[in-house]
Amino acid sequence: MHLLASTSCSLQLALAAMFSVLLAALLSPCLGKRSDLQRLAISLLIALSGALAIAAGISGLLGDTAAATLPIGLPWLPMHIHIDALAAFFMLTIGVLLMPVGIYSVGYMKSFTANGQSLAQLGIFLPLFALGMEGVVMADDAYAFMVFWELMSVSSYFLVTWEHAHEQNRRAGFLYLLMAHLAGLLILGSFAVLYAASGSFTFAGMRGGELSAGMATAAFLLAAFGFGMKAGVVPLHAWLPEAHPVAPSNASALMSGIMLKVAIFGFIRVTWDLVGSDAFIWWWGGLLLAAGSSSALGGVLMALQQHDLKRLLAYHSVENIGIILIGLGLAMIFAAAGHPLIAALGLIAALYHTINHALFKGLLFMGAGAVLHATGSRDMESMGGLIRHMPITAALFLVASISIAALPPFNGFVSEWLTFQTALLTPELDNTLLAALIPFSASMLALAGALAAACFVKVFGIVFQGNARSKAAEQAHEVDRWMQIGMAIPALFCLLLGVLPTLFIPLIDSVPQLLIHHSLAASVQAGHWLWLTPISAERAAYAAPLLITGLLLVGGLLYWRLHRRNNRILRGSVWSCGHPHLNPRMQYTATSFSQPLRRIFSGIYQPDKHLGNAYEDHPLIVRKIAYAVHVKDLAFDKLYRPIGTATHHLADRIAREHGRGMHAYLAYIFISIIALLIWIAR
Amino acid sequence: MNQLMFIQEAISIAASLMLLISFALLAQHRLLSVLHWFSAQGIVLAITTLLVALISDHDELYFSAAMTLLLKGALLPWLLWRIIMKMHIHREVEPMVNMPVTMMIALGLVLVSFHIALPIEAISDLATHNTLAIATATVFLGMLMMITRKKAVTQVIGFLSIENALFFTAIGATHGMPMIVEIGVAFDVLIAAIIFGLFFTQMRSTFDSLDIEEIEAKAKRR
Amino acid sequence: MKQTLTLWLLNLLQASLMLLVAPLLAGIVRKFKARLQNRRGASLLQPYQDLRKLFSKESLFADNSSWIFRTAPVVIFTATLLAASIVPIIVVDLPSAMIADVIAMTALLALARFWIALAAMDIGTAFGGMGASREMTFSALAEPAMLMGVFVMSLGAHSTNLSTMVHFALNLHHLHPSVAFALAALLMVSVAENGRIPIDNPTTHLELTMIHEAMILEYSGRHLALIEWAAQIKLLLFASLIISLFAPWGIAETIGLLPILIALGCWFAKIILLAAAVAMLESALAKIRLFEVPNYLFTAFVLAFLGMLVHYILEVGVQ
Amino acid sequence: MISPMTAPISEQLPINWFSFTLLSPLIGGLLLAFTRQAEKAFSINVIFSAATFLGSIGLALDVLQVGAHEALNGFFFVDAYNVFLVSLTSFVALTTAIYSGPYMRFEWRERGLPNHRLRLYHAMYQLFIFGMLLGFTTNNIGLMWIALELATLATVLLVSLYRTPASIAAAWKYFMLAGMGIALALFGTILIFFTSSTIFGHSNAALTWTMLYAHASELQPTVMIMAFAFLMIGYGTKIGLVPMHTWLPDAHGEGPTPVSAVLSGLLLNLALYDLVRFKMLVDLSTGSDTAGHVMIFFGTLSLLVAALSLHKQHDIKRMFSFSSIEHMGLMTIAFGIGTPLACYAGLLHMTVHSLVKSGIFFTVGHAAQAMGSQQMDRIRGLIRHHPGIGWGLLIGTAAIAGFPPFGVFTSEFLLFSATLDSYPWLIAPLLTGLLIAFAGLFRFVQPMVYGEVAEHAITVKANMVPIYVHFTLALWLGLSIPAFLSGWYKQAAALIAGG
């Protein structure tokens, strides 16, 4: 009851958000017979939870923080929950995607009920998944954190195996759950270190713990690997491109959009908050930077070679997590070097990118869901020309594409710009190794950003433009209003965050204030609300509102000038170099688009080409040429498979011992007792 | 006092007899002679019990001695003999490991048991404490018999000889356990023996063999 | 207030200057090249004539083209122009330097490139896809070198604000080897970014080699004119950028008629010099094979990276 | 025979719950041995199990009211440690009896299990429960041994119930290995008597646990540690610790499923309970951690070997029996660490493992019936075929793998914390073992529950109530542990830790 007595508005809102998804999960099986009502109830409750989370997040960021205990948990450790600036920021991140996804789901899940599929599994685990994520963010003790964390993992596993008839999906689910479990165990290990140092399970107690450098490093490394695995950092990412594509698209949107962010949250919580920035050691940040750079580059390189739309997006999540990690790593380096202000900038950059990625990746997955919904396929090679059948989806997808390609005036650019600005402050550091590493990372970031642009030219060009490559794509139809609204909201946020960073950064500024007791507010607002000046105007400034005004003004004027009524545009068929007719198969494909990169980076891809020519009677007359190319994920071959094989060998060895028969078994007992006796009598 | 000394010496002799019988059990080639030695072990056990009863003031040990003689000296060997006869079990003992090796291992085990029992004996003030090492050795030799014999029957004899050895330990080292425990243990052993019989019949009818390796192979195949 | 207004006006003037001079630069380069090839060549004003001609023609679009195709020239032109207006060529400390720094400027150019690549994909012809694929790939590979070059400059200037960087270049008192490395890298990148020889040949239409031209094959009339114009602005932009970052002497640091006129003259002279250099290079070099381009760009990156290392090794101690 | 501590409080209570609890299965077993009608036997089995459960509740209430006490001349006693195990045992026995009704009916009707075997089954089931409860409540370490042997013998007969070649071979193996183990345990017990009889003389007091506990520090450490070695291997065989575990998978695999459920859920607990009782004595006597270290060693070995073995199984029940070995290993580690927190974790783990594992075996039994085979590659598409069984198996596996909010997670969480406090290096094998085990479980369970239904599937009438009850309880223990239970755990943990 002390929950309700709490005076904090943000806490109550957050609890209401959690309750609303819990209600959805409980309600879902009860409405099993009335699938329409069930669908509406689940979706809208999720959306409501998202809206409440936004409200809770904003009020929390504005300084309304509070803590409470729940009447569940261990006997001596009731679950502690709280909302501080960090929790509030991530509640906001969850909310901004949860709400639109909820709305989107109303329309999206219609296709399932139309097929007669039961929504029970989705209806229980989708809200539980949301509950898990909100709970992790709100947790104020290690036990609550782990409970919600694993709730998140398990329920998302059930979402991944939603279409379990396909063996591939089951494999993906297995790999996912295995990695999630390992991640969970590592995180548990990290908490155990903190517990050993402080003797307390509550975060408040852990903060007070006296950590030796060795223990702090152990906690950091365990957390880095645990959360990194969940966030999909290269080379721990292999589950991600398998699992995200096979979940229903609304679930993929949440998984890629916010679940990975929850992992980032956990990492920040453990390292910045519980271990504390005072304990940072310089090479931690270097490690993060290296991991971030390889994720950013590796993710986008792998993404470029995919032709499964959702798989491609999943690899882009790896890339963006890398970008966030670069920001975090920079912040960590500067914090360890005693430059809290720059650290705050890096942290802000990372957080900014966190919410950005939630928005545009969520939107992209929803768009992919819409395309899947319309064409029934995830294979880009069978799409094309959808911009004519699905203009609104196309436009919204384009917004997300520009955002993820980090192009102005959308939000992706702002956060990457902030990251670059942090990196450019390297000369402040005394450590020459880092001073050389950081620019290198930054240039890798630049490369990744540019490759992302290339990738989204490919995606948009192949999926939405050109001519339809299949019957289904030709007959595609626009999705319904629910889904459109669901996609429009994050698109709008993408624009707002891209144009008004000066309003948003002061809002999230309370996070660095909480974690490193320094804020950017003073310098950010030194100029004007128009100018974003992270350190000072002389250093660098970016005025998104002016930029977009200029773009709209000049562009609008030109467009109007170009397309006045008397300036008619003639329409005609495309010149086909004298060919009688062009057919859609003559278009550039996704595979051919990425061919130059495949060639340039063949060392990384190790492509596996298959050329299957079918000949007419004569070996010189080719009737048909089939070309297929498979690109391997190196992490799989070099890391996962050897571990798996080694385990199997060991298991085989033990299985042989088990096959030896009864006399051997008796001998085992006998030898055990003799050995034990000798050991004891030694 | 003289009598006490004499009885203690007698107990020591009985203990060495136990050890000898254990070796004899391991060394036998023929099933029936294994059975004879097993019976002899039961009789030695009963005699030991009687001897201990004489020097201690626990009257129930006389009852125990009678029980032992009846159960382990006569009833169990007879039951096994009947099974062997009824089932026409091949009369040869088939060891997994050949005799000399078994013997060497057995000798090693005796050494080990002396080594581990030494500190215990050093602190014990009981008259019969010096039997502890031998008791341990007999337990181990019984186990060795279970491990190295192919046939179910010989395994059972090994098992029962372990029981004998345990009983011997209880008698020799502690003047026997309290009655209720003894009865309980004896009852369990009896049930176990009945179950053995049950199993033999079952194995015989399902596998047509009492050879453990064969049985396992057949069970796997089916 | 009046001060601010003047500054904005000057900014506007500078932008219009870029807009108007851009075709001229193309004309100059062409003239130089013709002379080097012992031809008389077309008039310096020929690019203006070409643009006028294209503007007066009507546009022909493919049946299946979408709004992306229609808006592309506008977006490309606008983004390029905005980017160009950021570069200080006559006066430093103009307000546009506050709108976007050098990173934002490259991002604006990237936006233009993104859009033109999308437009190329719009019709669904093989040429368009090919052009888009190559353009996006190579520009991506140019990006690290570009950033690293800028980075080296900003290491000294402690800023990515172009005006500040110009000030830094003006006040360079001793020789900075790192700057030389950065200059080389940025020059190489600029050549690639503008699709000049030896990376791309703006006058070729050979499918095996063309990049930029492949993307705009389907454009005609006034839409094509805008794209061409934007390309010319971009060339001028890079020329001006290099001048401002490495040889800003003469640029007006105070506002007044005389300094501005001097600055204008200087800038113009430097542009002509650069144009001559470009023409010489393009005449002397052959276009390299497509898959040599990554090596070329990697070389640029290595140069810039060396510049950074040199900065840390040689110059940090000196300062 | 009179122990000085005898304070027969229970004789002042209206009903003597001890005798009630113990007599109920004994009478039930006798009655069932003579019940010829199968249908009647099913109900009688449930009724007597329910009565036993009632008795154990009474016992638990007694403990809540008056605390730990002895009864029947000090031959029996309850304290915080065994009272919850008695309740747990009788509870799982009850749900298993309920479950075994429809299960055995299927075996009897569809698979032609003869009537007299069914009688044997029921009689032995009750006898087994009697042995279990006797083992938990007895105060005499000799009786403790006898009770465990009794329970073992009963299960030997249950394992060989089908009289198939494999089941006979399995039962024989079980019998011989358990026999060897139990002999070692008896040897250990004799050794304890050997030293205690020097204090208490040649009387029952020398075998009475409470007496031993009170005078533990006077027992000879050399003898006690030697005795512990024998007890460790002896009872360890019954716990299923590697390398003495080899009987366990076969016994689980070949017997009827309710038997597998109680074997995993209950019998292993009893053996571990006994071992821990002895560890308490040994620790007090020797004043060193040697016993704990031995337990940690065997626990870790069990965890790792069982985890790896999971990957090489074909039979679903064998696979889950390896999971039992793994979890017994975890508990052994917990008690081996021996801090109050670790013991708390161990006790909680014991409880939730019993609940979840027997629940899993319930679903496994039905699954095997539905698919007509225990071979995992023959079991396909359970969720489509029978959502209750499919989801039950999946959720149960998730629960046993340690996913919250199930109680297994809670205990593993506490175990980790405790491990880190005392033996940080142990975290690595713990994590590795759990992960490998998890991978093994899920790689087999997934194809069974998901996908298209195997074409040879038949419909079965499944009794899902016991399964739901077990999982709900495990869930409840994960979310919040009731105060009284937690109180017992704490007391028992303090007791075991030697506080």
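As written, the chain order gives the labels A, B, C and D, with residue 1 at the start of each chain.
One rule holds for everything that comes next: a residue touches a chain if its C-beta (ideal position, glycine included) is under 8 Å from a C-beta of that chain, and two chains touch if they have at least 3 such contacts.
Note that the structure is a prediction, hence the values are computed from the model and not measured.
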Given chain A and chain D, the chains that contact each of them: B
Pair of chains ranked first by number of touching C-beta pairs: A-C
Per Cα centroids, the chain farthest from chain C: B
Inter-chain centre distance, chain A versus chain B - centres from mean C-alpha coordinates, in Å: 69
Centroid spacing, where centroids are CA-atom means, of chain C and chain D in whole angstrom: 78
Between chain C and chain A, distance of the C-alpha-averaged centres to the nearest whole Å: 35
Chain B and chain D, separation of their C-alpha mean positions in angstrom: 31
Where chain A touches two or more other chains, by residue: 662, 666, 669-670, 677, 680-681
Residue numbers of chain B (touch at least two other chains): 116, 119, 143, 146, 212, 216
Every chain pair in contact, whichever chains are involved: A-B, A-C, A-D, B-D
In the complex, chain C residues that touch chain A: 58-64, 66-68, 70-71, 73-75, 77-79, 81-82, 97-101, 103-104, 107-108, 110-111, 113-114, 117-118, 120-126, 128-130, 132-134, 136-148, 151, 154-155, 158-161, 164, 218, 222-223, 226, 290-291, 294, 301, 305, 308-309, 312, 316
Of chain D, residues touching chain A in the complex: 172-173, 176-177, 180-181, 184, 225-226, 228-230, 232-233, 236-237, 243-244, 246-247, 249, 290, 294, 305, 308-309, 311-312, 383, 398, 401-405, 409-410, 413-414, 416-417, 419-421, 424, 427, 431, 434-436, 438-439, 442-443, 446-447, 450-452, 478-481, 483, 486
Partner chain B, residues of chain A touching it in the complex: 661-663, 666-667, 669-670, 674, 677-678, 680-681
Chain C-touching residues of chain A, taken from the complex the two chains share: 384-385, 387-388, 398, 402, 405-408, 413, 417, 420-421, 424, 426-427, 432, 435-436, 439-440, 442-444, 446-447, 449-451, 453-454, 456-458, 460-462, 465-467, 527, 531, 537-543, 546-547, 550-551, 554-555, 558-559, 562-563, 567-574, 582, 584, 586-589, 592-597, 599-600
Chain D to chain B touching residues, read off their complex: 140, 142-143, 145-146, 149-150, 153, 156-157, 160, 163-166, 168-173, 175-176, 179-180, 183-184, 186-187, 190-191, 193-194, 197-198, 202-204, 206-207, 220, 222-223, 226
